[in-house]
Amino acid sequence: MTDVPEPIRVGVLGARGRMGLEVCKAVDAADDLELVAMVDQGDLLFSASDTGAQVLVDFTNPDVVMDNLRWAIEQGISVVVGTSGFTEDRLEQVRGWLAAKPGVGVLIAPNFGIGAVLMMQFAARAAKYFESAEIIEQHHPRKLDAPSGTSMHTAKVIAEARAAANCPPMPDATKEEQLGARGTDIDGVRVHSVRAAGLVAHQEVLFGTTGETLTIRHDSLDRSSFMPGVLLAVRQVRQRPGLTIGLDALLD
Amino acid sequence: MTDVPEPIRVGVLGARGRMGLEVCKAVDAADDLELVAMVDQGDLLFSASDTGAQVLVDFTNPDVVMDNLRWAIEQGISVVVGTSGFTEDRLEQVRGWLAAKPGVGVLIAPNFGIGAVLMMQFAARAAKYFESAEIIEQHHPRKLDAPSGTSMHTAKVIAEARAAANCPPMPDATKEEQLGARGTDIDGVRVHSVRAAGLVAHQEVLFGTTGETLTIRHDSLDRSSFMPGVLLAVRQVRQRPGLTIGLDALLD
Amino acid sequence: MTDVPEPIRVGVLGARGRMGLEVCKAVDAADDLELVAMVDQGDLLFSASDTGAQVLVDFTNPDVVMDNLRWAIEQGISVVVGTSGFTEDRLEQVRGWLAAKPGVGVLIAPNFGIGAVLMMQFAARAAKYFESAEIIEQHHPRKLDAPSGTSMHTAKVIAEARAAANCPPMPDATKEEQLGARGTDIDGVRVHSVRAAGLVAHQEVLFGTTGETLTIRHDSLDRSSFMPGVLLAVRQVRQRPGLTIGLDALLD
Amino acid sequence: MTDVPEPIRVGVLGARGRMGLEVCKAVDAADDLELVAMVDQGDLLFSASDTGAQVLVDFTNPDVVMDNLRWAIEQGISVVVGTSGFTEDRLEQVRGWLAAKPGVGVLIAPNFGIGAVLMMQFAARAAKYFESAEIIEQHHPRKLDAPSGTSMHTAKVIAEARAAANCPPMPDATKEEQLGARGTDIDGVRVHSVRAAGLVAHQEVLFGTTGETLTIRHDSLDRSSFMPGVLLAVRQVRQRPGLTIGLDALLD
């Protein structure tokens, strides 16, 4: 007789996409999880419920994710969502569906990189103790947008923490400034965007006060780095009924 | 009529030492603090109480700090202590003195650098989420000890957090290892000690898991960097009766 | 009529190995090169000469590389070699074969990463201008040896440049040193070896003198980074009769 | 009897300025140099020639430096100049004066940091081997101009090296770019300017090609870092008759 708990039965929606495929591999490799359904375009959602999936992971696209969510919640299946495109309206709709199914949990996260989430948490916490804060994000040159979404979110988080603590404006005596750098200014926090061959996805948050600097740097080399965060969410989503936004709540 | 609070009256013990001098300057420059006494070898402690000091800052030496503390506690004056050499015995004695004076606060900190303290807090928090952790500390070549005290403390904090979370040993396939590097291994956390002209005091904590790394780096360029931490302690020590160890408790 | 030069006809030995495959792809993608033969275990070398290959690239193994070289030189075909295991004896033998075929060039390189070669050249050049030099090399935890071959070679190059310029020993007041760090000391140059999940292959060379440091850092993320160096060698090897060791000679 | 060469007799113009004072200390501390004159506003230049100065170091200001130079050249004294404000017209005038005094050497350098000069030399040499190059310069927030002069000079040097090697434009798919970052674009090389408390003067040059990056970083912590470069110039200027621009020529 053994007291090893039953593995959680997991289905993956968008299973043939790049992220979905990684999720399938990661679930398959984890002892405490069982991959019971791989669903993609053309497959029936029922195949997921038929196999007794307890948690679904959705890396599909904005066009189908809402239908997936409504169906899963109705079936009483909890969902971890990495698909993008969630407006406040959409979140409100999901909350409505969940209200009718009190036992079901949905976690929607814009970023499953635990390192990236910790970087943002640390940045929020450090912000008020330093006179200055700037962000340097560095990505491969095929990236279409600059600055990156993560860097802009980090900048906002820093600006909010500084505002809440009544920090004065950052010192900056620059008189002669020019145009032409890639990057921007988010509520007083400068974001610098480097694009170069050989880079993947990197971000540095620099805090400084007289005599010292504190730098938090995150380097992400491939999408396998998101899997620990996805699996953490899969393991915890059923214990968190209702809607959870972001991985933050799961890290302590 | 104004409701600006009265400034806190501050005395500095060890006022002619390198750190003491910095503290005098920093207190003097702060609007909400008033420097009322500068005491050093040969001066009488009474001069501090005569001027109505409400908080004393002690950057003296292990030989005299205990006498200073006993006297200050008896006078009902709270103390912020940066002097080193506090054994568990000494701390116990201070607790005893404080027990008889319930309104008095004493804060003893090995490191007043807010950046360094945050680095250690962040390291403790990140430790369990990553497979690997190593520390690189870099200092000027006049430093006598290697690894630095801060790096060894950080390594311990990481090792404890990993043990508490039942993390497996870090992956390391190294077969052929040699001697001769500066640094050590603290409970499984490797610490690398770089010594080079041109450096001041720097530390990098590297966390890694498949596909990503998170790096926390602290650069300290001069002792002015400790002043925000000293002033934070001066402002809060009277609201913290009893003995407080380290700056951690004051950072949120 | 056009004056575009004829593409160089290239054969790859070890074409099904990890590096060989990359070379095939890189040659195929280059406008001025033509992939005419892909040879691996079980294939006949003649297939390379039959197709009129002008340059061969050898990423095979130490057991067969000498036979490949003798045959190619006899055929009058120049060779770019990335296979390891070349002792001074072997090099002497190759020189002997080449002596009989004055028009043929052979280039043997331990490292085709242009970035790594430049890092070593820059380190050699900077060495004598700084009081201190240390190396931090960082690799994935599956690596068997520590320090890395590149870091030890770099350390030697630095030590030689310092000796040639009569530099005094590096300043280092360390009194209390411990064991247990990964790394070593190569002729006075300390090498620190970091091993962590999430890393690939990185090296930092730190030079310092009072008031300033100069750091040269190389990050290599995958073996595609060696291809520009391989192609550079392929394009130039026929203009360099005899034996050339290392990529250095080709960089200016 | 000894064959130690006579020390070089050195006079310092602008001896009470911040840089001049450092030069006086550095000359004084060097065994092979003798500080024979410290001249500043109100002092007579003759005091320098009267003491037999063989080399003058000029850290004065643009208003007086030309008079100093004319006088020194007439006296047959070689000069090392760190004063700024040299236009092409001024350089031409100095060349004219020197033409009449063939044995005299004048070295005018915008930057005496050996590390900074090496960084620029290495950047020039690496430029053509990489697809991408960007510069991140980081300074204290009291700096008035952005980007820094050194970063703009480095960017120009990189752009010129790439143009000379017919490098294609750097890859950059950025579609949505915003305004507001500190920095600029110099002939296609992006320069990012970070300004934060706790920083002194730092510059990072990043080169990237598929799969690898090479980074050259210079950290300058105080003006003592310029002294090795000044002393190198003092020791060599008499062997370099005529006008020399920049420290480059002296580094190998």
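All chains are identified by letter, namely A, B, C and D, in their written order; residue positions are counted from 1 within each chain.
Here, a contact is a pair of C-beta atoms (placed from the backbone, for glycine too) under 8 Å apart; a residue touches a chain by one contact, two chains touch by 3 or more.
Composition by chain, UniProt nomenclature: A, B, C, D = 4-hydroxy-tetrahydrodipicolinate reductase.
Please read these numbers as outputs of a predicted model, since none were measured by experiment.
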Tell me which chain's centre, taken as the mean of its C-alpha atoms, is farthest from chain C.
B
Comparing A-C against B-C, which pair counts more contacting C-beta pairs?
B-C
Averaging over Cα atoms per chain, report the distance between chain A and chain C in Å.
40
Using Cα averages as centroids, what's the distance between chain C and chain D in whole Å?
35
Chain B to chain C, mean C-alpha position gap in Å, rounds to 47
Which chain A residues touch at least two other chains?
130, 198, 207, 209-213, 219, 221, 225
Chain A residues within the chain D interface of the complex:
130-134, 136, 138, 141-147, 170-185, 190-199, 206-213
Going by the contact rule set out above, which residues of chain A touch chain C in the complex?
198, 200, 219, 221, 225
Per the contact definition, I'd like the list of chain A residues that touch chain B in the complex.
113-116, 118-119, 122, 125-126, 129-130, 207, 209-228, 251-252
